[in-house]
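There are structures below to look over.
What follows is a pair of complexes built around subunit A, which joins subunit B in one and subunit C in the other.
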Partner chain A sequence: MAITVKVLERPIEEASYLRATLGGMARTFKHMVNPHKVTVQYPEMRDPVSPRWRGTHRMLTTETGAAKCVACGLCPTVCPANCIKLVPGEDAKGNRYPLVFEIDEFRCIFCGYCQEVCPEEAIHLGRHYENAEYSRAGFVYDLERLTAQTHPVSQLWDPTDPAGE
Partner chain B sequence: MCLVEVEKAPKLAPACATSVMEGNVVHVHSPKARDARQGVLEMLLINHPLDCPICDQAGECELQDYTFQEGRADSRYQEPKRFNPVEDFGGDVLYVANRCILCTRCVRYMDTVADEAVLCVSERGDRAVISKFEGEDLTHAWAGNVVDLCPVGALLSKDFLNKARAWELDRAASVCPNCTQGCNSVLEVRDNTVVRMKPRSNDAVNQFYLCDPGRLDYRWLNRADRAEQPMVRSHGALAPVDWEAAIAQAASLLKGNAVHVLASPMLSNEALFLLGQLVKAQGGSGAFTVMTGPEAPLSGVPDLALRAERAANVRGAELLGFAKGGNPLAGLTTDKVLIVADHDVSHLDATALKAKAVIVIGTTLPTALSHADVVLPIANMAEEEGTFTNLRGRVQRYFQAKAAPGLARPAWFVLSDLVAAAGGAPARYAPGEVFGALAASHAHFAGMNWEGLGLSGALPAGGAA
Partner chain C sequence: MRTRRALLAVAPLLAACNTGIDPQRPIEDFWPFTILTIVKMVIVFTVYMVGVALLTFAERKISAWIQDRIGPNRVLWKGVGQVLADGVKNFMKEETYPAAAYKALFILAPALAFVPAMVTWAVIPFAAPLPTPWGLMSMTVADLPVGFLFTLAISSLGVYGIVLAGWSSNNKYALLGGLRSSAQMISYEIAMGMSTVCVLLLAGNVNLNTIVQQQATQGWNVILLSLAFLVFFIATYAETNRLPFDLPEAESELIAGYNTEYSAMKFSMFPIAEYANMVTASALTSLLFFGGWDIPFTTWDNVPPWSALKTLLTLGAFATKMIFFLFTFMWIRWTLPRFRYDQLMSLGWKVMLPAILAYVVLVAAVLLGLDAAGIARESRAFTGILFALNFACVALLLVVLDRGRLVSPAASRLRTAELSRLRAVAARSTLAATQGD
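Up next is the complex of A and B:
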């Protein structure tokens, strides 16, 4: 038995694409006279990042220019990615300070726990996202590099102020 | 800090100083008891600085633990805290007065256990601090224990200062290898490096204490110039080979020859037992010498002292047939094979180390033994499991704390392979198996078993020797 195919007759206003085309053209012409710009002319122009943006680290310094870090060891302990290397030492005045403080930004997952746990408010994540390097070794930031960076630091999420106001 | 509520008692009782009576009902966590403890804690914290991040005690601090468990979340104290400078107490001890809570454990320890009153509480009221008597210093050989006794970070070890955080350390139960007393200890390791040795309590040996020379002499466990590869002499020079070839070469050198063994008294009972078997099978002799130093007793504990003989297993080496003292090379003739089993040769005449063949089984290869025919690298006591016999005959186990360098293997492993290759008992693959064979063949170890030794060791069946 031959198969019969039932062909539905659709009303012309549904079958025609003329209406949709006109709708699309109308939107296009509307944007020509009243543009809504999405594209940013990077790097000449940049979108602002959130104050809670978590980017590459900064080590804050005291008035004398020394790192605030006292080598307490809490950030390598709390770090879930195990990316912080810390060797504590003692300076001439008997103060504890980090002999070696390195963060492997490749391993870092930018969770911000190190900033949250730091009792001295020394290590911070930065509001910064341009991290390109010419070598893999360049992504291991030592203390000198961490203290030399000047980008603004991240403001972590505060549960009592969830909107960050 | 230990106030508890006892029913029918008029007031809260300090648990540590109250004896239990028939029908007592004690409430440890009642609101009244909690409030009282919180109050005591608040007082203790009035002058205690909030410097846990830079304090060495953080992580093993009793005050920190109590505060975390049941302290107030904030401080109500507005006035400036007391300040006193850091003072060097001599010996290995540093006193950080600001952190002191004046429990006077250190004063009482020096007074009653060390029997040398060096420390006292000077000044009164909120000016009170721990200080030394005029002209005295904490140089007593057992003074370092005040660092362990201190519940806070007021007394610190200068050796350990700023070296590591308490929570980063891997710990292994061990036995102090630095004298024949055999104090139970804990080796604390960070990044495969021993950073501290602390006492481990054993009422029958050292109670809770460890002497300063003992606890500070751990650096040799980390030495870097170790023998790391088995080597065999070929065409006049030592060349690295694999273990099978080195053992086979050593066995072929031994074939048909008598031996003279220089056995280190730092080797485990298991290693010495296998060396003894080798001597017995080949014929020959075994000897050792031991470093000595002044004896330093701790008067508050019976039969506890830093002993004159500064090696852990002198008694074991003697029991297992090695002759102590004199000239350790006395039995050596040029028709024998010399086996140097980690024995210190720095004080021996290098020209006398001549033999038909020289086999070095050691943690290092000293220059005096650079003419060795076979070098078999072994692990040191922190890198293997084993047992030591202390001067009273107590056999105590120690556990592995860190990894051995390169291809080095535990001494019992190497020697059991060598004994098997030389035609003796088949190779054994666990230190417990070697110990089992030792217990089956030697009266002193009879009836002991590896698991049964546990963490506190065992005396021979006949009692203390």
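Up next is the complex of A and C:
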């Protein structure tokens, strides 16, 4: 069959341009005098993010200020994006610690597996979203930077408490 | 002490002002007339340009509010400085010339759009006359006896700017925009001219001040000639290229229409001209149909002796009406979608033109009849009869015309019988046999 346009047959008394126009103008006027207030004036005002928000990482520290990380190597293993670089070291007492711990935030997909797998609860994702940098190199966070972050860490989803209560 | 010294300084000025000329009679001397006219020109031009600049800000704010946004709010107090920021931006930008453009006309076109928009304002009376020591000063830059015809003539010149901009850019989209603009202007100018004929019939004069005075005595034309007002109102939207008639720009089809190739200040001239035209259109709507500077429900403001207070109050009345219409321009822009090109043309030629022609004949016949019957124009009976006639016309418009006939959607033009006949033809065609459904 030839191409046909679907034609809506509406009663002629319903098709009124003037009344429809006035109706539309009433609607826009209502919005003008009584708007839905949805704008967040961003730099001054911020919407809170979810406690499970997964942003850039943070390394927690012990009371002495050293990273909690014991360089077990689980996080680079589990990382699906292969963005964690870990070189383990060992001190005189035989305690393992990371010599190099770098996370490339450009490669990271923020899945949160590193936080989930960490036995020491050292590496965490953060509730943070302002990550602008002037260079690409700035997005590779080293250990010093990861421990210096102060933003709150994200909460993992708990299967026994799915609603987060 | 200080007040006395100030008085001494002012005294010679006051003495100079005491010219002994009756302030209630029009200015006759050459020099006072020339100087006062120049002063009026400077003031009107300044207020006009600042107003246009603020209108661009108002447009952005109103569009934002209508769309539940906030709009520009960073530059200076509440974002008012945005006007300045935009102006500076436009001046600082690079002027580009397309390689294939006709350069002379390309440069001339923005000016051609801009100048008529400015010139029209010269004949608009914006307040009651002001008494001065040198005589009565009319609050119009040029109180032409043919005032209204002048606005019609000059405002239709504005289309040259747009057409030449479209043509000289040597760009297909720009050319299409220019073409559309000229077709649209011609189509709606006729309906617009006809709608004002009704007003002129009633006023018996083309001087805008006389039209204002006539409305002050007989009642505003909007309640006597509502149909003419409606047609004029719609036509002004088409003339100023505002939505729902902004087909020359139509960014979804033509990029930016006639101003596609323009940049920097030359581009900025087009929006300025558009806003200036809006101001003129609003002024004309309020002059022709809403009593101009007449303050409603009173008569004291329209009769001599004139005073500065009257001038100020009538100026306020005129400004209020104008601002309302300017707001309506924006309100409609952010409410209605753009017309399709065929809808635009069919509305102009098939609906508005016949309707307004019939209406002009009707109004002329009724006026002739009333004059022949000896009913005075200022009498209550005259206004009453016109009002009754108008009421009937508006009812006719709403009940008969506006039933899917004013603007045709794709659907409602065909009658059901015609539609089924066409479908039967399509079903019987060879295409249907070979291709299936």
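To be clear about the criterion, the second predicted complex is superposed on the first by the 131 of 165 C-alpha atoms of A that agree within 3 Å, B and C clash if a C-alpha of one lies under 4 Å from a C-alpha of the other, contacts with A are read in each partner's own complex, and residues count from 1 in each chain.
Assume a residue touches a chain if its C-beta (ideal position, glycine included) is under 8 Å from a C-beta of that chain, and two chains touch if they have at least 3 such contacts.
All of these numbers come straight from a predicted model, not from anything done at the bench.
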- Is A:G24 touching the first partner subunit B, the second partner subunit C, both, or neither of them? second
- Based on the superposed arrangement, let me know which partner A:P35 touches: subunit B (first), subunit C (second), both, or neither? second
- Task: Using the superposition on chain A described above, determine whether A:L60 touches subunit B (first), subunit C (second), both, or neither.
- Result: neither
- Is the number of subunit A residues in contact higher for subunit B or for subunit C? C
- Message: Contact-wise, after the overlay, does A:G94 reach subunit B, subunit C, both or neither (first, second, both, neither)?
- Response: first
- Pick one for A:V49: touches subunit B only (first), subunit C only (second), both, or neither. neither
- Message: Tell me the contact category for A:C111 with respect to subunit B and subunit C: first, second, both or neither.
- Response: neither
- Message: Touch test for A:C72: subunit B only (first), subunit C only (second), both, or neither?
- Response: first
- Item | Complex contact set, residues of subunit A against subunit B | 70-74, 77, 88-90, 94-96, 119-120
- Message: Under the stated contact criterion, what part of subunit A meets subunit C in this complex?
- Response: 1-2, 4-5, 7-10, 12-19, 21, 24-25, 27-29, 31-32, 35-39, 41
- Note on the structure: Counting only contacts in the complex, subunit B reaches subunit A at residues 52-54, 58, 86, 161-165, 167-168
- Message: Can you tell me which positions in subunit C touch subunit A when the two form their complex?
- Response: 62, 65-70, 331-332, 334-336, 397-398, 402-404, 406-407, 409-412, 414, 416, 419, 423, 426-427, 429, 431-432, 435-437
